[in-house]
Amino acid sequence: MELVEIAIEKLKSHGVTIENMGALVLESQIKYDPTLELEECINAVHSVLTKREVIHAVLTGMAIDEAVENNTFDPIISEIIQEDKPLYGLDEILALSIVNIYGSIALTNFGYLDKVKPGIIGEVDQLGKHSNNCTTFLDDIAGAIVAAAISRIAHK
Amino acid sequence: MELVEIAIEKLKSHGVTIENMGALVLESQIKYDPTLELEECINAVHSVLTKREVIHAVLTGMAIDEAVENNTFDPIISEIIQEDKPLYGLDEILALSIVNIYGSIALTNFGYLDKVKPGIIGEVDQLGKHSNNCTTFLDDIAGAIVAAAISRIAHK
Amino acid sequence: MELVEIAIEKLKSHGVTIENMGALVLESQIKYDPTLELEECINAVHSVLTKREVIHAVLTGMAIDEAVENNTFDPIISEIIQEDKPLYGLDEILALSIVNIYGSIALTNFGYLDKVKPGIIGEVDQLGKHSNNCTTFLDDIAGAIVAAAISRIAHK
Amino acid sequence: MELVEIAIEKLKSHGVTIENMGALVLESQIKYDPTLELEECINAVHSVLTKREVIHAVLTGMAIDEAVENNTFDPIISEIIQEDKPLYGLDEILALSIVNIYGSIALTNFGYLDKVKPGIIGEVDQLGKHSNNCTTFLDDIAGAIVAAAISRIAHK
(Lines give C-alpha, C1' and ligand atoms only; values in the text may rest on other atoms or scores of the structure.)
Protein backbone atom coordinates (compact mmCIF):
# COMPACT_ATOMS: atom_id res chain seq x y z
CA MET A 1 0.00 0.00 0.00
CA GLU A 2 1.34 3.43 -0.85
CA LEU A 3 1.94 6.05 1.84
CA VAL A 4 -0.98 8.16 0.63
CA GLU A 5 -3.35 5.21 1.00
CA ILE A 6 -2.00 4.49 4.48
CA ALA A 7 -2.57 8.10 5.51
CA ILE A 8 -6.14 8.08 4.12
CA GLU A 9 -6.94 4.78 5.90
CA LYS A 10 -5.52 6.07 9.19
CA LEU A 11 -7.60 9.22 9.04
CA LYS A 12 -10.68 7.15 8.13
CA SER A 13 -10.20 4.83 11.10
CA HIS A 14 -10.69 7.89 13.30
CA GLY A 15 -13.73 9.12 11.38
CA VAL A 16 -11.94 11.67 9.21
CA THR A 17 -12.70 10.95 5.56
CA ILE A 18 -12.02 12.75 2.30
CA GLU A 19 -15.81 13.00 2.01
CA ASN A 20 -16.47 14.79 5.31
CA MET A 21 -13.44 17.04 4.81
CA GLY A 22 -14.69 17.75 1.27
CA ALA A 23 -18.07 18.74 2.71
CA LEU A 24 -16.35 21.41 4.83
CA VAL A 25 -14.55 22.73 1.76
CA LEU A 26 -17.86 22.99 -0.09
CA GLU A 27 -19.56 24.69 2.87
CA SER A 28 -16.78 27.28 2.97
CA GLN A 29 -16.59 28.02 -0.77
CA ILE A 30 -20.17 27.66 -2.05
CA LYS A 31 -20.85 31.34 -1.31
CA TYR A 32 -18.06 32.41 -3.70
CA ASP A 33 -19.02 29.92 -6.41
CA PRO A 34 -22.61 28.64 -6.29
CA THR A 35 -21.84 26.11 -9.05
CA LEU A 36 -19.17 24.38 -6.98
CA GLU A 37 -19.88 20.68 -6.48
CA LEU A 38 -18.93 18.28 -3.69
CA GLU A 39 -16.99 16.06 -6.05
CA GLU A 40 -14.58 18.86 -6.96
CA CYS A 41 -14.05 19.56 -3.24
CA ILE A 42 -13.36 15.90 -2.50
CA ASN A 43 -10.89 15.83 -5.39
CA ALA A 44 -9.14 18.88 -3.93
CA VAL A 45 -8.84 17.15 -0.54
CA HIS A 46 -7.45 14.04 -2.21
CA SER A 47 -4.95 16.10 -4.16
CA VAL A 48 -3.74 17.75 -0.92
CA LEU A 49 -3.27 14.31 0.62
CA THR A 50 -0.94 13.16 -2.16
CA LYS A 51 1.73 15.72 -1.18
CA ARG A 52 4.71 14.27 0.68
CA GLU A 53 4.75 17.02 3.34
CA VAL A 54 1.07 16.41 4.06
CA ILE A 55 1.48 12.64 4.40
CA HIS A 56 4.43 13.13 6.78
CA ALA A 57 2.40 15.56 8.92
CA VAL A 58 -0.64 13.24 9.02
CA LEU A 59 1.42 10.18 9.99
CA THR A 60 3.55 12.04 12.55
CA GLY A 61 0.68 13.84 14.25
CA MET A 62 -1.47 10.73 14.45
CA ALA A 63 1.50 8.69 15.72
CA ILE A 64 1.95 11.16 18.59
CA ASP A 65 -1.76 11.00 19.46
CA GLU A 66 -1.58 7.16 19.47
CA ALA A 67 1.62 7.00 21.53
CA VAL A 68 0.05 9.33 24.11
CA GLU A 69 -3.11 7.16 24.14
CA ASN A 70 -1.05 3.97 24.60
CA ASN A 71 1.11 5.47 27.36
CA THR A 72 4.27 4.83 25.36
CA PHE A 73 5.20 8.50 24.99
CA ASP A 74 7.22 10.54 27.49
CA PRO A 75 4.84 10.98 30.46
CA ILE A 76 5.58 14.66 31.15
CA ILE A 77 4.81 15.90 27.66
CA SER A 78 1.99 13.33 27.32
CA GLU A 79 0.13 14.94 30.18
CA ILE A 80 0.40 18.36 28.53
CA ILE A 81 -0.69 16.95 25.15
CA GLN A 82 -3.53 14.85 26.58
CA GLU A 83 -5.12 17.81 28.28
CA ASP A 84 -4.78 19.69 24.98
CA LYS A 85 -3.83 22.74 26.94
CA PRO A 86 -4.61 25.79 24.81
CA LEU A 87 -1.03 26.83 25.48
CA TYR A 88 0.53 23.66 24.04
CA GLY A 89 0.68 24.94 20.49
CA LEU A 90 2.73 22.30 18.69
CA ASP A 91 -0.37 20.74 17.17
CA GLU A 92 -0.96 23.99 15.29
CA ILE A 93 2.72 24.21 14.35
CA LEU A 94 2.68 20.72 12.83
CA ALA A 95 -0.45 21.68 10.90
CA LEU A 96 1.45 24.67 9.52
CA SER A 97 3.68 22.31 7.53
CA ILE A 98 0.53 21.50 5.53
CA VAL A 99 -0.92 24.99 5.42
CA ASN A 100 2.27 26.86 4.50
CA ILE A 101 2.68 25.15 1.15
CA TYR A 102 -0.78 26.35 0.10
CA GLY A 103 -0.19 30.07 0.70
CA SER A 104 -1.92 32.73 2.74
CA ILE A 105 -5.52 31.76 1.92
CA ALA A 106 -4.83 28.37 3.50
CA LEU A 107 -3.26 30.07 6.52
CA THR A 108 -6.19 32.34 7.36
CA ASN A 109 -8.75 29.61 6.69
CA PHE A 110 -6.83 27.28 9.02
CA GLY A 111 -6.98 29.88 11.79
CA TYR A 112 -10.70 30.29 11.26
CA LEU A 113 -11.43 26.54 11.20
CA ASP A 114 -9.29 26.06 14.31
CA LYS A 115 -11.43 28.55 16.22
CA VAL A 116 -14.88 27.63 14.86
CA LYS A 117 -14.27 23.86 14.55
CA PRO A 118 -17.13 23.03 12.16
CA GLY A 119 -18.23 19.49 11.22
CA ILE A 120 -15.74 16.67 11.57
CA ILE A 121 -13.09 19.02 13.05
CA GLY A 122 -15.32 19.75 16.05
CA GLU A 123 -16.37 16.11 16.36
CA VAL A 124 -12.74 14.99 16.54
CA ASP A 125 -11.95 17.72 19.04
CA GLN A 126 -14.88 16.71 21.30
CA LEU A 127 -13.98 13.02 21.04
CA GLY A 128 -10.58 13.82 22.52
CA LYS A 129 -12.13 15.77 25.34
CA HIS A 130 -14.80 13.26 26.36
CA SER A 131 -13.09 9.91 25.96
CA ASN A 132 -9.76 8.21 26.47
CA ASN A 133 -8.86 8.96 22.87
CA CYS A 134 -6.14 11.52 22.31
CA THR A 135 -7.00 13.71 19.32
CA THR A 136 -4.85 16.72 20.10
CA PHE A 137 -3.05 16.63 16.75
CA LEU A 138 -5.85 15.08 14.68
CA ASP A 139 -8.28 18.01 14.74
CA ASP A 140 -5.56 20.43 13.64
CA ILE A 141 -4.45 18.06 10.89
CA ALA A 142 -8.02 17.77 9.61
CA GLY A 143 -8.40 21.56 9.75
CA ALA A 144 -5.15 22.07 7.86
CA ILE A 145 -6.12 19.63 5.11
CA VAL A 146 -9.50 21.36 4.68
CA ALA A 147 -7.84 24.79 4.64
CA ALA A 148 -5.31 23.64 2.04
CA ALA A 149 -8.10 22.25 -0.15
CA ILE A 150 -10.03 25.54 0.20
CA SER A 151 -6.95 27.36 -1.05
CA ARG A 152 -6.68 25.01 -4.03
CA ILE A 153 -10.31 25.69 -4.97
CA ALA A 154 -9.94 29.46 -4.47
CA HIS A 155 -6.85 29.62 -6.70
CA LYS A 156 -8.80 28.21 -9.65
CA MET B 1 8.95 61.48 18.76
CA GLU B 2 9.84 57.84 19.27
CA LEU B 3 9.05 55.24 16.61
CA VAL B 4 6.34 53.65 18.75
CA GLU B 5 4.55 57.00 19.07
CA ILE B 6 4.81 57.56 15.33
CA ALA B 7 3.29 54.13 14.67
CA ILE B 8 0.43 54.76 17.12
CA GLU B 9 -0.28 58.19 15.59
CA LYS B 10 -0.28 56.77 12.06
CA LEU B 11 -2.73 54.05 12.98
CA LYS B 12 -4.92 56.61 14.78
CA SER B 13 -5.02 58.91 11.74
CA HIS B 14 -6.75 56.03 9.91
CA GLY B 15 -9.18 55.34 12.77
CA VAL B 16 -7.26 52.45 14.31
CA THR B 17 -6.65 53.18 18.00
CA ILE B 18 -5.27 51.19 20.91
CA GLU B 19 -8.76 51.61 22.42
CA ASN B 20 -10.76 50.08 19.58
CA MET B 21 -8.18 47.30 19.14
CA GLY B 22 -8.34 46.71 22.90
CA ALA B 23 -12.12 46.42 22.67
CA LEU B 24 -11.71 43.54 20.19
CA VAL B 25 -9.27 41.82 22.55
CA LEU B 26 -11.80 42.10 25.38
CA GLU B 27 -14.63 40.83 23.17
CA SER B 28 -12.56 37.79 22.27
CA GLN B 29 -11.30 36.91 25.77
CA ILE B 30 -14.15 37.88 28.13
CA LYS B 31 -15.67 34.41 27.74
CA TYR B 32 -12.52 32.79 29.14
CA ASP B 33 -12.06 35.32 31.96
CA PRO B 34 -15.21 37.23 32.97
CA THR B 35 -13.17 39.50 35.25
CA LEU B 36 -11.02 40.78 32.35
CA GLU B 37 -11.16 44.56 32.00
CA LEU B 38 -10.77 46.83 28.99
CA GLU B 39 -7.78 48.57 30.52
CA GLU B 40 -5.77 45.38 30.68
CA CYS B 41 -6.61 44.69 27.03
CA ILE B 42 -5.56 48.18 25.99
CA ASN B 43 -2.30 47.71 27.90
CA ALA B 44 -1.71 44.44 26.05
CA VAL B 45 -2.22 46.20 22.70
CA HIS B 46 0.19 48.94 23.72
CA SER B 47 2.78 46.41 24.82
CA VAL B 48 2.54 44.67 21.42
CA LEU B 49 3.10 48.02 19.70
CA THR B 50 6.38 48.62 21.54
CA LYS B 51 8.07 45.66 19.83
CA ARG B 52 10.50 46.59 17.08
CA GLU B 53 9.17 43.96 14.63
CA VAL B 54 5.63 45.25 15.12
CA ILE B 55 6.58 48.88 14.54
CA HIS B 56 8.45 47.95 11.36
CA ALA B 57 5.45 46.00 10.07
CA VAL B 58 3.02 48.82 10.88
CA LEU B 59 5.16 51.48 9.20
CA THR B 60 5.97 49.36 6.15
CA GLY B 61 2.42 48.17 5.51
CA MET B 62 0.92 51.62 5.93
CA ALA B 63 3.63 53.12 3.70
CA ILE B 64 2.68 50.68 0.92
CA ASP B 65 -1.03 51.55 1.28
CA GLU B 66 -0.15 55.27 1.11
CA ALA B 67 2.17 54.93 -1.88
CA VAL B 68 -0.55 53.00 -3.75
CA GLU B 69 -3.10 55.69 -2.81
CA ASN B 70 -0.76 58.47 -4.01
CA ASN B 71 0.07 56.69 -7.28
CA THR B 72 3.78 56.69 -6.42
CA PHE B 73 4.10 52.91 -6.26
CA ASP B 74 4.81 50.61 -9.22
CA PRO B 75 1.54 50.71 -11.27
CA ILE B 76 1.34 46.98 -12.02
CA ILE B 77 1.52 45.78 -8.45
CA SER B 78 -0.52 48.81 -7.29
CA GLU B 79 -3.46 47.65 -9.35
CA ILE B 80 -3.28 44.19 -7.76
CA ILE B 81 -2.95 45.68 -4.27
CA GLN B 82 -5.68 48.28 -4.77
CA GLU B 83 -8.23 45.72 -5.76
CA ASP B 84 -7.18 43.71 -2.68
CA LYS B 85 -7.49 40.59 -4.76
CA PRO B 86 -8.07 37.66 -2.41
CA LEU B 87 -5.16 36.01 -4.16
CA TYR B 88 -2.69 38.82 -3.39
CA GLY B 89 -1.65 37.45 -0.01
CA LEU B 90 1.36 39.61 0.92
CA ASP B 91 -0.75 41.65 3.33
CA GLU B 92 -1.28 38.51 5.40
CA ILE B 93 2.41 37.60 5.09
CA LEU B 94 3.51 40.99 6.44
CA ALA B 95 1.05 40.55 9.30
CA LEU B 96 2.72 37.23 10.08
CA SER B 97 5.86 39.08 11.16
CA ILE B 98 3.73 40.39 14.04
CA VAL B 99 1.78 37.21 14.72
CA ASN B 100 4.72 34.77 14.63
CA ILE B 101 6.50 36.28 17.60
CA TYR B 102 3.40 35.69 19.76
CA GLY B 103 3.10 31.96 19.10
CA SER B 104 0.34 29.71 17.81
CA ILE B 105 -2.56 31.29 19.72
CA ALA B 106 -1.82 34.54 17.90
CA LEU B 107 -1.67 32.70 14.60
CA THR B 108 -5.06 31.01 14.83
CA ASN B 109 -6.72 34.14 16.21
CA PHE B 110 -5.30 36.15 13.32
CA GLY B 111 -6.79 33.71 10.82
CA TYR B 112 -10.15 33.97 12.55
CA LEU B 113 -10.12 37.79 12.72
CA ASP B 114 -9.06 37.98 9.07
CA LYS B 115 -12.12 35.97 8.03
CA VAL B 116 -14.72 37.45 10.40
CA LYS B 117 -13.37 41.03 10.38
CA PRO B 118 -15.08 42.31 13.56
CA GLY B 119 -15.18 45.96 14.68
CA ILE B 120 -12.46 48.28 13.44
CA ILE B 121 -10.92 45.53 11.27
CA GLY B 122 -14.08 45.33 9.19
CA GLU B 123 -14.51 49.11 9.12
CA VAL B 124 -10.99 49.56 7.75
CA ASP B 125 -11.57 46.80 5.19
CA GLN B 126 -14.82 48.37 3.98
CA LEU B 127 -13.25 51.84 3.83
CA GLY B 128 -10.71 50.48 1.34
CA LYS B 129 -13.42 48.93 -0.78
CA HIS B 130 -15.78 51.91 -0.95
CA SER B 131 -13.45 54.90 -1.23
CA ASN B 132 -10.21 55.96 -2.84
CA ASN B 133 -8.35 54.94 0.30
CA CYS B 134 -6.11 51.93 0.02
CA THR B 135 -6.34 49.84 3.21
CA THR B 136 -5.13 46.51 1.87
CA PHE B 137 -2.37 46.19 4.45
CA LEU B 138 -4.01 48.15 7.26
CA ASP B 139 -6.82 45.71 8.10
CA ASP B 140 -4.38 42.82 8.33
CA ILE B 141 -2.02 44.85 10.50
CA ALA B 142 -4.85 45.74 12.86
CA GLY B 143 -5.95 42.10 12.96
CA ALA B 144 -2.41 40.95 13.70
CA ILE B 145 -1.97 43.43 16.56
CA VAL B 146 -5.29 42.34 18.10
CA ALA B 147 -4.35 38.65 17.69
CA ALA B 148 -0.94 39.26 19.31
CA ALA B 149 -2.57 41.06 22.25
CA ILE B 150 -5.08 38.19 22.64
CA SER B 151 -2.14 35.79 22.88
CA ARG B 152 -0.49 37.98 25.55
CA ILE B 153 -3.69 37.93 27.62
CA ALA B 154 -4.17 34.16 27.15
CA HIS B 155 -0.63 33.38 28.27
CA LYS B 156 -1.24 35.02 31.62
CA MET C 1 3.14 40.94 -21.50
CA GLU C 2 2.20 38.43 -18.86
CA LEU C 3 2.99 39.05 -15.18
CA VAL C 4 5.66 36.33 -15.13
CA GLU C 5 7.49 38.02 -18.04
CA ILE C 6 7.26 41.39 -16.29
CA ALA C 7 8.75 39.90 -13.12
CA ILE C 8 11.60 38.24 -15.04
CA GLU C 9 12.37 41.48 -16.92
CA LYS C 10 12.36 43.50 -13.70
CA LEU C 11 14.78 41.13 -12.01
CA LYS C 12 16.97 41.14 -15.12
CA SER C 13 17.12 44.94 -15.20
CA HIS C 14 18.83 44.71 -11.79
CA GLY C 15 21.24 41.98 -12.88
CA VAL C 16 19.27 39.06 -11.45
CA THR C 17 18.64 36.52 -14.21
CA ILE C 18 17.23 33.02 -14.33
CA GLU C 19 20.71 31.98 -15.53
CA ASN C 20 22.71 33.36 -12.61
CA MET C 21 20.11 32.14 -10.12
CA GLY C 22 20.22 28.74 -11.85
CA ALA C 23 24.02 28.70 -11.44
CA LEU C 24 23.58 29.02 -7.65
CA VAL C 25 21.09 26.14 -7.67
CA LEU C 26 23.61 23.98 -9.55
CA GLU C 27 26.45 24.98 -7.20
CA SER C 28 24.33 23.95 -4.23
CA GLN C 29 23.04 20.62 -5.56
CA ILE C 30 25.88 19.24 -7.71
CA LYS C 31 27.36 17.49 -4.68
CA TYR C 32 24.18 15.45 -4.20
CA ASP C 33 23.74 14.68 -7.90
CA PRO C 34 26.91 14.94 -10.02
CA THR C 35 24.88 14.46 -13.21
CA LEU C 36 22.77 17.56 -12.57
CA GLU C 37 22.97 20.06 -15.42
CA LEU C 38 22.61 23.85 -15.49
CA GLU C 39 19.65 23.67 -17.83
CA GLU C 40 17.58 21.68 -15.33
CA CYS C 41 18.44 24.24 -12.63
CA ILE C 42 17.44 27.14 -14.87
CA ASN C 43 14.17 25.35 -15.63
CA ALA C 44 13.53 24.93 -11.90
CA VAL C 45 14.10 28.68 -11.36
CA HIS C 46 11.73 29.48 -14.20
CA SER C 47 9.10 27.15 -12.81
CA VAL C 48 9.32 28.87 -9.41
CA LEU C 49 8.82 32.23 -11.11
CA THR C 50 5.54 31.14 -12.71
CA LYS C 51 3.84 30.81 -9.31
CA ARG C 52 1.42 33.62 -8.45
CA GLU C 53 2.74 34.04 -4.89
CA VAL C 54 6.29 34.37 -6.20
CA ILE C 55 5.38 36.97 -8.81
CA HIS C 56 3.52 39.02 -6.20
CA ALA C 57 6.50 38.89 -3.85
CA VAL C 58 8.97 39.86 -6.60
CA LEU C 59 6.87 42.80 -7.79
CA THR C 60 6.05 44.04 -4.28
CA GLY C 61 9.59 43.81 -2.91
CA MET C 62 11.13 45.48 -5.95
CA ALA C 63 8.45 48.19 -5.87
CA ILE C 64 9.40 49.01 -2.25
CA ASP C 65 13.10 49.16 -3.16
CA GLU C 66 12.28 51.50 -6.06
CA ALA C 67 9.97 53.75 -4.05
CA VAL C 68 12.68 54.10 -1.39
CA GLU C 69 15.25 54.88 -4.09
CA ASN C 70 12.95 57.50 -5.65
CA ASN C 71 12.11 59.12 -2.29
CA THR C 72 8.40 58.49 -2.84
CA PHE C 73 8.04 56.14 0.14
CA ASP C 74 7.33 57.21 3.72
CA PRO C 75 10.59 58.87 4.87
CA ILE C 76 10.76 57.31 8.34
CA ILE C 77 10.54 53.70 7.20
CA SER C 78 12.60 54.52 4.09
CA GLU C 79 15.56 55.46 6.25
CA ILE C 80 15.32 52.15 8.12
CA ILE C 81 14.98 50.19 4.87
CA GLN C 82 17.75 52.08 3.06
CA GLU C 83 20.29 51.36 5.74
CA ASP C 84 19.20 47.70 5.55
CA LYS C 85 19.48 47.54 9.29
CA PRO C 86 20.00 43.92 10.30
CA LEU C 87 17.08 44.40 12.65
CA TYR C 88 14.65 45.46 9.91
CA GLY C 89 13.56 41.93 9.03
CA LEU C 90 10.58 42.49 6.72
CA ASP C 91 12.69 41.71 3.67
CA GLU C 92 13.17 38.19 5.01
CA ILE C 93 9.47 37.95 5.89
CA LEU C 94 8.42 38.87 2.36
CA ALA C 95 10.85 36.25 1.04
CA LEU C 96 9.13 33.69 3.28
CA SER C 97 6.02 33.95 1.11
CA ILE C 98 8.14 32.35 -1.63
CA VAL C 99 10.04 29.91 0.56
CA ASN C 100 7.08 28.60 2.58
CA ILE C 101 5.30 27.10 -0.39
CA TYR C 102 8.36 24.96 -1.17
CA GLY C 103 8.64 23.31 2.25
CA SER C 104 11.38 22.98 4.85
CA ILE C 105 14.28 22.32 2.46
CA ALA C 106 13.59 25.71 0.89
CA LEU C 107 13.43 27.32 4.32
CA THR C 108 16.79 26.10 5.58
CA ASN C 109 18.49 26.79 2.25
CA PHE C 110 17.11 30.33 2.31
CA GLY C 111 18.58 30.90 5.77
CA TYR C 112 21.94 29.61 4.56
CA LEU C 113 21.96 31.71 1.37
CA ASP C 114 20.93 34.79 3.33
CA LYS C 115 23.96 34.42 5.60
CA VAL C 116 26.58 33.33 3.03
CA LYS C 117 25.25 35.47 0.13
CA PRO C 118 26.96 33.63 -2.75
CA GLY C 119 27.10 34.85 -6.37
CA ILE C 120 24.43 37.24 -7.56
CA ILE C 121 22.85 37.42 -4.06
CA GLY C 122 26.04 38.95 -2.64
CA GLU C 123 26.49 41.22 -5.67
CA VAL C 124 23.01 42.63 -5.25
CA ASP C 125 23.56 43.08 -1.51
CA GLN C 126 26.84 44.94 -2.06
CA LEU C 127 25.31 47.11 -4.79
CA GLY C 128 22.77 48.35 -2.26
CA LYS C 129 25.49 49.13 0.25
CA HIS C 130 27.86 51.00 -2.04
CA SER C 131 25.58 52.99 -4.30
CA ASN C 132 22.35 54.96 -4.24
CA ASN C 133 20.46 51.86 -5.27
CA CYS C 134 18.19 50.34 -2.69
CA THR C 135 18.37 46.53 -2.85
CA THR C 136 17.14 45.68 0.62
CA PHE C 137 14.35 43.44 -0.64
CA LEU C 138 16.01 42.29 -3.88
CA ASP C 139 18.78 40.16 -2.38
CA ASP C 140 16.30 38.30 -0.18
CA ILE C 141 13.96 37.77 -3.11
CA ALA C 142 16.79 36.33 -5.20
CA GLY C 143 17.84 34.11 -2.30
CA ALA C 144 14.28 32.87 -1.83
CA ILE C 145 13.85 32.03 -5.52
CA VAL C 146 17.14 30.10 -5.52
CA ALA C 147 16.15 28.27 -2.30
CA ALA C 148 12.76 27.36 -3.76
CA ALA C 149 14.39 26.02 -6.93
CA ILE C 150 16.86 23.98 -4.81
CA SER C 151 13.88 22.42 -3.04
CA ARG C 152 12.25 21.58 -6.39
CA ILE C 153 15.43 19.81 -7.55
CA ALA C 154 15.87 17.99 -4.21
CA HIS C 155 12.30 16.67 -4.26
CA LYS C 156 12.89 14.91 -7.58
CA MET D 1 11.39 19.97 39.34
CA GLU D 2 10.13 22.70 37.07
CA LEU D 3 9.54 22.07 33.36
CA VAL D 4 12.50 24.24 32.38
CA GLU D 5 14.84 22.18 34.57
CA ILE D 6 13.46 18.95 33.11
CA ALA D 7 14.07 20.23 29.58
CA ILE D 8 17.65 21.29 30.42
CA GLU D 9 18.39 17.91 32.06
CA LYS D 10 16.97 16.03 29.09
CA LEU D 11 19.10 17.96 26.63
CA LYS D 12 22.15 17.45 28.87
CA SER D 13 21.62 13.69 29.01
CA HIS D 14 22.13 13.70 25.23
CA GLY D 15 25.22 15.93 25.39
CA VAL D 16 23.46 19.21 24.59
CA THR D 17 24.24 21.74 27.31
CA ILE D 18 23.59 25.43 27.77
CA GLU D 19 27.39 25.79 27.76
CA ASN D 20 28.06 24.15 24.40
CA MET D 21 25.06 25.91 22.85
CA GLY D 22 26.35 29.18 24.34
CA ALA D 23 29.73 28.54 22.73
CA LEU D 24 28.04 28.42 19.31
CA VAL D 25 26.27 31.71 20.02
CA LEU D 26 29.59 33.31 20.93
CA GLU D 27 31.30 31.89 17.83
CA SER D 28 28.55 33.36 15.65
CA GLN D 29 28.39 36.82 17.24
CA ILE D 30 31.98 37.61 18.32
CA LYS D 31 32.70 39.15 14.91
CA TYR D 32 29.95 41.73 15.41
CA ASP D 33 30.86 42.48 19.03
CA PRO D 34 34.46 41.60 20.03
CA THR D 35 33.68 42.34 23.69
CA LEU D 36 30.96 39.68 23.85
CA GLU D 37 31.61 37.10 26.55
CA LEU D 38 30.62 33.45 26.86
CA GLU D 39 28.66 34.07 30.04
CA GLU D 40 26.29 36.48 28.27
CA CYS D 41 25.75 33.91 25.52
CA ILE D 42 25.01 31.17 28.05
CA ASN D 43 22.55 33.49 29.77
CA ALA D 44 20.84 34.12 26.43
CA VAL D 45 20.51 30.36 25.84
CA HIS D 46 19.08 29.91 29.32
CA SER D 47 16.61 32.72 28.79
CA VAL D 48 15.41 31.09 25.55
CA LEU D 49 14.89 27.82 27.42
CA THR D 50 12.55 29.44 29.95
CA LYS D 51 9.91 30.17 27.29
CA ARG D 52 6.92 27.87 27.36
CA GLU D 53 6.89 27.33 23.58
CA VAL D 54 10.56 26.34 23.67
CA ILE D 55 10.09 23.86 26.52
CA HIS D 56 7.15 22.25 24.70
CA ALA D 57 9.18 21.93 21.51
CA VAL D 58 12.20 20.45 23.34
CA LEU D 59 10.09 17.89 25.23
CA THR D 60 7.97 16.94 22.21
CA GLY D 61 10.86 16.56 19.77
CA MET D 62 12.98 14.55 22.19
CA ALA D 63 9.97 12.37 23.07
CA ILE D 64 9.52 11.50 19.38
CA ASP D 65 13.23 10.63 19.04
CA GLU D 66 12.99 8.39 22.12
CA ALA D 67 9.77 6.67 21.04
CA VAL D 68 11.35 5.92 17.65
CA GLU D 69 14.48 4.59 19.39
CA ASN D 70 12.38 2.38 21.70
CA ASN D 71 10.23 1.04 18.84
CA THR D 72 7.08 2.33 20.52
CA PHE D 73 6.18 4.82 17.75
CA ASP D 74 4.17 4.00 14.63
CA PRO D 75 6.54 1.81 12.54
CA ILE D 76 5.85 3.42 9.17
CA ILE D 77 6.67 6.99 10.22
CA SER D 78 9.46 5.70 12.51
CA GLU D 79 11.32 4.30 9.52
CA ILE D 80 11.09 7.65 7.73
CA ILE D 81 12.20 9.55 10.86
CA GLN D 82 15.01 7.10 11.74
CA GLU D 83 16.61 7.44 8.35
CA ASP D 84 16.32 11.22 8.75
CA LYS D 85 15.37 11.44 5.12
CA PRO D 86 16.23 14.94 3.91
CA LEU D 87 12.67 15.07 2.65
CA TYR D 88 11.09 14.40 6.06
CA GLY D 89 10.98 18.04 7.12
CA LEU D 90 8.90 17.97 10.30
CA ASP D 91 11.99 18.24 12.48
CA GLU D 92 12.63 21.65 10.96
CA ILE D 93 8.96 22.60 11.31
CA LEU D 94 8.96 21.79 15.02
CA ALA D 95 12.11 23.87 15.40
CA LEU D 96 10.25 26.77 13.77
CA SER D 97 8.01 27.01 16.83
CA ILE D 98 11.16 28.12 18.68
CA VAL D 99 12.65 30.24 15.92
CA ASN D 100 9.49 32.13 14.93
CA ILE D 101 9.07 33.85 18.28
CA TYR D 102 12.55 35.36 17.95
CA GLY D 103 11.99 37.05 14.59
CA SER D 104 13.77 36.94 11.24
CA ILE D 105 17.35 36.98 12.55
CA ALA D 106 16.61 33.73 14.35
CA LEU D 107 15.06 32.30 11.21
CA THR D 108 18.00 32.91 8.90
CA ASN D 109 20.53 31.82 11.52
CA PHE D 110 18.58 28.59 12.01
CA GLY D 111 18.73 27.88 8.29
CA TYR D 112 22.47 28.50 8.30
CA LEU D 113 23.15 26.33 11.38
CA ASP D 114 20.98 23.55 9.93
CA LYS D 115 23.14 23.44 6.79
CA VAL D 116 26.59 23.96 8.35
CA LYS D 117 25.94 22.01 11.60
CA PRO D 118 28.79 23.42 13.71
CA GLY D 119 29.86 22.09 17.14
CA ILE D 120 27.32 20.18 19.18
CA ILE D 121 24.71 20.40 16.38
CA GLY D 122 26.93 18.37 14.06
CA GLU D 123 27.91 15.96 16.83
CA VAL D 124 24.27 15.20 17.61
CA ASP D 125 23.51 14.78 13.91
CA GLN D 126 26.40 12.33 13.43
CA LEU D 127 25.46 10.40 16.57
CA GLY D 128 22.05 9.73 15.05
CA LYS D 129 23.61 8.54 11.81
CA HIS D 130 26.23 6.21 13.27
CA SER D 131 24.49 4.58 16.22
CA ASN D 132 21.13 3.22 17.26
CA ASN D 133 20.26 6.59 18.75
CA CYS D 134 17.59 8.59 16.97
CA THR D 135 18.51 12.29 16.96
CA THR D 136 16.38 13.45 14.04
CA PHE D 137 14.61 16.13 16.08
CA LEU D 138 17.40 16.87 18.57
CA ASP D 139 19.88 18.50 16.18
CA ASP D 140 17.19 20.85 14.85
CA ILE D 141 16.06 21.70 18.37
CA ALA D 142 19.62 22.53 19.39
CA GLY D 143 20.07 24.62 16.23
CA ALA D 144 16.84 26.49 16.90
CA ILE D 145 17.78 27.29 20.51
CA VAL D 146 21.19 28.60 19.38
CA ALA D 147 19.56 30.66 16.60
CA ALA D 148 17.05 32.13 19.05
CA ALA D 149 19.83 33.06 21.48
CA ILE D 150 21.80 34.67 18.63
CA SER D 151 18.75 36.80 17.85
CA ARG D 152 18.47 37.82 21.52
CA ILE D 153 22.11 38.94 21.54
CA ALA D 154 21.77 40.76 18.20
CA HIS D 155 18.70 42.68 19.35
CA LYS D 156 20.65 44.21 22.24
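For the reader, a short list of remarks on this structure follows.
Per-chain numbering from 1; labels A, B, C and D assigned in written order.
Basically, a residue touches a chain if its C-beta (ideal position, glycine included) is under 8 Å from a C-beta of that chain, and two chains touch if they have at least 3 such contacts.
Remember, predicted model here, so these are calculated numbers, not experimental data.
Superposition angle, chain A onto chain B, using Cα atoms only: 180 degrees, a multiple of 5 between 0 and 180. The distance from the centre of chain C to the centre of chain D, with each centre set as the mean of the Cα atoms, comes to 27 Å. In this assembly, the C-alpha centroid of chain B lies 32 Å from the C-alpha centroid of chain D.
Within chain A, residues 52-53, 87, 89-90, 93, 96-97, 103-104, 155 each touch two or more of the remaining chains.
Viewed as a contact network, the protein chains are fully connected, with every chain touching every other. Those residues of chain B that touch chain A in the complex are listed here as 86-87, 89-90, 92-93, 96, 103-105, 107-112, 114-116, 154-155.
The residues of chain A lying in touch with chain C in their complex are 52-53, 97, 100-104, 155. The touching residues of chain B, counted against chain C in their complex, run 3, 6, 52-53, 56-57, 59-60, 62-64, 66-67, 70, 72-74, 76-78, 80-81, 87-90, 93-94, 96-97.
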